[in-house]
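Going by the order they are written in, the chains are A, B, C and D; count residues from 1 in each one.
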Amino acid sequence: MIDKQVASIAAALDGIRDGATILSAGFGAVGAPDDLLDGLLAKGVRDLVVVSNNAGSGKRGLAALIDAGLVRKVICSFPRTDDPRAFDAAYKAGRIELELVPQGIISERMRCAAAGLGGFYSPVGVGTKLADGKEVREIDGKRYVFEKPLRGDVALLRAHRADRWGNLAYRKSARNFNPVMAMAAELTVVQTKQMVGLGDIDPECVHTPGIFVDRVVVA
Amino acid sequence: MIDKQVASIAAALDGIRDGATILSAGFGAVGAPDDLLDGLLAKGVRDLVVVSNNAGSGKRGLAALIDAGLVRKVICSFPRTDDPRAFDAAYKAGRIELELVPQGIISERMRCAAAGLGGFYSPVGVGTKLADGKEVREIDGKRYVFEKPLRGDVALLRAHRADRWGNLAYRKSARNFNPVMAMAAELTVVQTKQMVGLGDIDPECVHTPGIFVDRVVVA
Amino acid sequence: MTPLSRPQMAWRAAQDIDNGWCVNLGIGLPTMVSDHIPPGREIVFHSENGLLGMGPKPAPNEVDPDLINAGKGLTTLITGGSFFHHADAFLMIRGGHLDLSIMGAFEVSERGDLANWTTEDPNFPPGVGGAMDLAVGAKRVRVLLEHTTKDGSPRIKAKCAYPLTAERCVSRIYTNLAVIDVTPQGLIVREIVDGLSFDELQQRTEAPLKLANDWGPLVPKLAH
Amino acid sequence: MTPLSRPQMAWRAAQDIDNGWCVNLGIGLPTMVSDHIPPGREIVFHSENGLLGMGPKPAPNEVDPDLINAGKGLTTLITGGSFFHHADAFLMIRGGHLDLSIMGAFEVSERGDLANWTTEDPNFPPGVGGAMDLAVGAKRVRVLLEHTTKDGSPRIKAKCAYPLTAERCVSRIYTNLAVIDVTPQGLIVREIVDGLSFDELQQRTEAPLKLANDWGPLVPKLAH
């Protein structure tokens, strides 16, 4: 019998180590795994590299991890949010590294890792500062930048519903980075409000098949 | 008002020309656009390049196009089926060209085109005959083959349900190549048994958003 | 001479959107464009966090915290809309599936280079968001910007001074003074606000302009 | 000495599948493996046309023409299963998300090279299907094959004579005579059918074999 549900946030985060690369889902606050991020804070793992669209807002979640000095580097497209004080302070103090990646290239690089590919040629950023130091290649008369796969040690997700196989369904725009990050990490951990019976998620509408999911916790 | 439904197979295929590259969906007979393929036969366009997982079975669909001498080349992973006489005869007679591509690389190359990328590095086929003549590159200690995007002039699909925006839902394993091919062609044409009202396909379960679809015909 | 207000600029850009187009509107002023679509045209708005068919802001009783737009404001989905994940949202952008992207800009160059992501202000960390993806990916890129900076310096330049978002991507420029096309023959002025001469427009523009044979007045049919 | 029957070979391979694994079974003999999963283990079968949770053949009243497997035979979906498109099906394969791929083989080499896609028969066009993707992508690749050809030639070779499917990909070999692991130390024999000596097995094998310290008899608990 397969049962990926674990009993606590601590159990869901078991084994995550200092220096881990964390894929943290969500777009702004929507679809973000706040309880799992709070759990990371409580756990106190440090020297983290966090991949996320933004770099935290307010005082919870990713912002709290940054405030506590646990994040070494953020890989994101747009660090600032409506309340960016945690990241701004760390950035100004030189306490955090920023790798800025065009938004679509973050998810495409993660998908590339998920799909077992070695890299791809992207038209995005050609002729700009964000292509500095990257290989540029002309293919069929058009210039592209070489982008490498981006893999996480851990993906932290938030789903609307989950079952014991780890099949997931998201709700509205909370889907965002969740399905891509689910596929791109060694360990994929999900918080969900609702565990449902196997088969309750329509097989035609499973947004993330359980093959990509390791642990589910209700939170 | 947007209305992508057209009245006839002929209208659905309007403008398709000799020499076109046709992405023909389906896995075996399931999810294959037989009525659209019959329409191509009736139209008599020739010198076609057809991308499909198989190379036709029996006497209908792709097999009939091949029998009629309208197909110059097939790009597929596995030409033979339970009744492969059309392709076998053309192949033995030297009347048709075969480009054999590992099955997952067919869909990945189409997705690459759909995503606006210039190519990708694949681990599949390294050290085999199917990598002959292809660029091989070592990335982080592993060898990869360079694969280029595969784009169609036309994609021919079969959906279970469609609406006037071209939103599509497929049924069970008939989904297969349909969503990928929908994204990878200049002109995407769909046959469906059932037109439904806008909104009747759950927004959480649209398998192919209408942005990828140009024409829908009931057949 | 009365320059267009910001809503009037958005109104003007909206007039050029054809029925059936899939359109992405950038954060800020471009968002207003959706308020001015001419009646009878059905437009599908795309949001890079994973929506097609984005509707207007929700009424108080429609608010759903799981339904936001790329600017992280609350939004709605119209009938026919759909949800998808982020990599698919950007496949749509990068793969040329959007008919139009409308963005704001700091500067545009004569050949259509766009600078709209950073002013390199050392007080803030830079952010790029989806601007570079949209600039290279959409079938058409049109920009909305004030014709000059607050101190009167031109923002349509021979060469952008700010870091580029993408090269040769902009095809049409809407300012508070004019509508200008970027063409292989250079910048062609299509419309100028009443009371401003071509020469006066050129004085406010660093890049050389040409006046279209069929140019006309830029008259917003919307109160200032 | 009685070599294993084909169902017995499938039975043997099934014993090594752990609870919870996602497994792809190749066309032909490997398909039979799913009939012999030990009780109490929940296994998720993957099919490259876009299914997870593939079940047994349908009963006559369950037949659905839209539900087929990679061999194009009718199949079923068990509770918890899901459908997805072809590029996602192969992302699962190539990206290392499958715990196990079991395929048939014409030949396997000492270092785990696999040849199973073409014998270069000039009478038929070649076909590769998903074999190359599975061979490089799954976490584990195990093969099922008769130990020798019909005329007694070895199929476990120093070097494959047929065109390769992938290099160094096979980790375990199930034949009708033995179970053999491919390791950095070479081919290690884990089990041999009763009545066949190690030397006799080596005579039927081109590549050099080593006998594991803890080797045992290969005893199928399934009627011949």
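Convention: contacts are C-beta pairs under 8 Å (C-beta built on N, C-alpha and C of every residue); 3 or more make two chains touch, one makes a residue touch a chain.
Note that the structure is a prediction, hence the values are computed from the model and not measured.
Taking the definition of touch as given, a chain qualifies here only if it contacts chain A and chain C alike; those chains are B. Comparing chain pairs B-D and A-D, the larger number of C-beta contacts belongs to B-D. Each chain's centre was taken as the mean of its CA atoms, and the one lying most distant from chain C is D. Mean C-alpha position of chain C lies 56 Å from that of chain D. Each chain gets one centre point, the mean of its Cα atoms, and the points for chain A and chain B are 33 Å apart. Chain B and chain D have Cα centroids lying 30 Å from one another.
One inter-chain figure worth recording: chain A and chain D are separated by 35 Å, centre to centre, where each centre is the mean of the chain's CA atoms.
Touching of two or more other chains is recorded for residues 108, 111, 115-117, 122-123, 170-172, 204, 207 of chain B. Counting partners per residue, chain C has 77, 83-84, 90, 94, 136-137 as the residues that reach two or more other chains. The set of touching chain pairs reads A-B, A-C, A-D, B-C, B-D, using the touch definition from the header.
Residues 27-31, 53, 55, 77-82, 87-88, 91, 98, 100-105, 107-108, 110-111, 122-130, 170-180, 207 of chain A are the ones touching chain C in the complex.
Remark: chain D residues 47-51, 64-69, 72, 77, 83-87, 89-90, 93-94, 124-133, 136-137, 163-167 touch chain B in the complex. On the side of chain D, the complex with chain A involves touching residues 19-20, 22, 40, 42, 44, 46, 52-53, 77, 79-84, 90-92, 94-98, 136-137. In the complex of the two chains, the chain B residues touching chain A come out as 108, 112, 115-123, 137, 139-140, 142, 144, 148, 169-172, 202, 204-205, 207. Taken in their complex, chain A has these residues touching chain D: 1-2, 111, 113-117, 163-165, 167, 183, 198-199, 201, 203-204, 206, 209-212.
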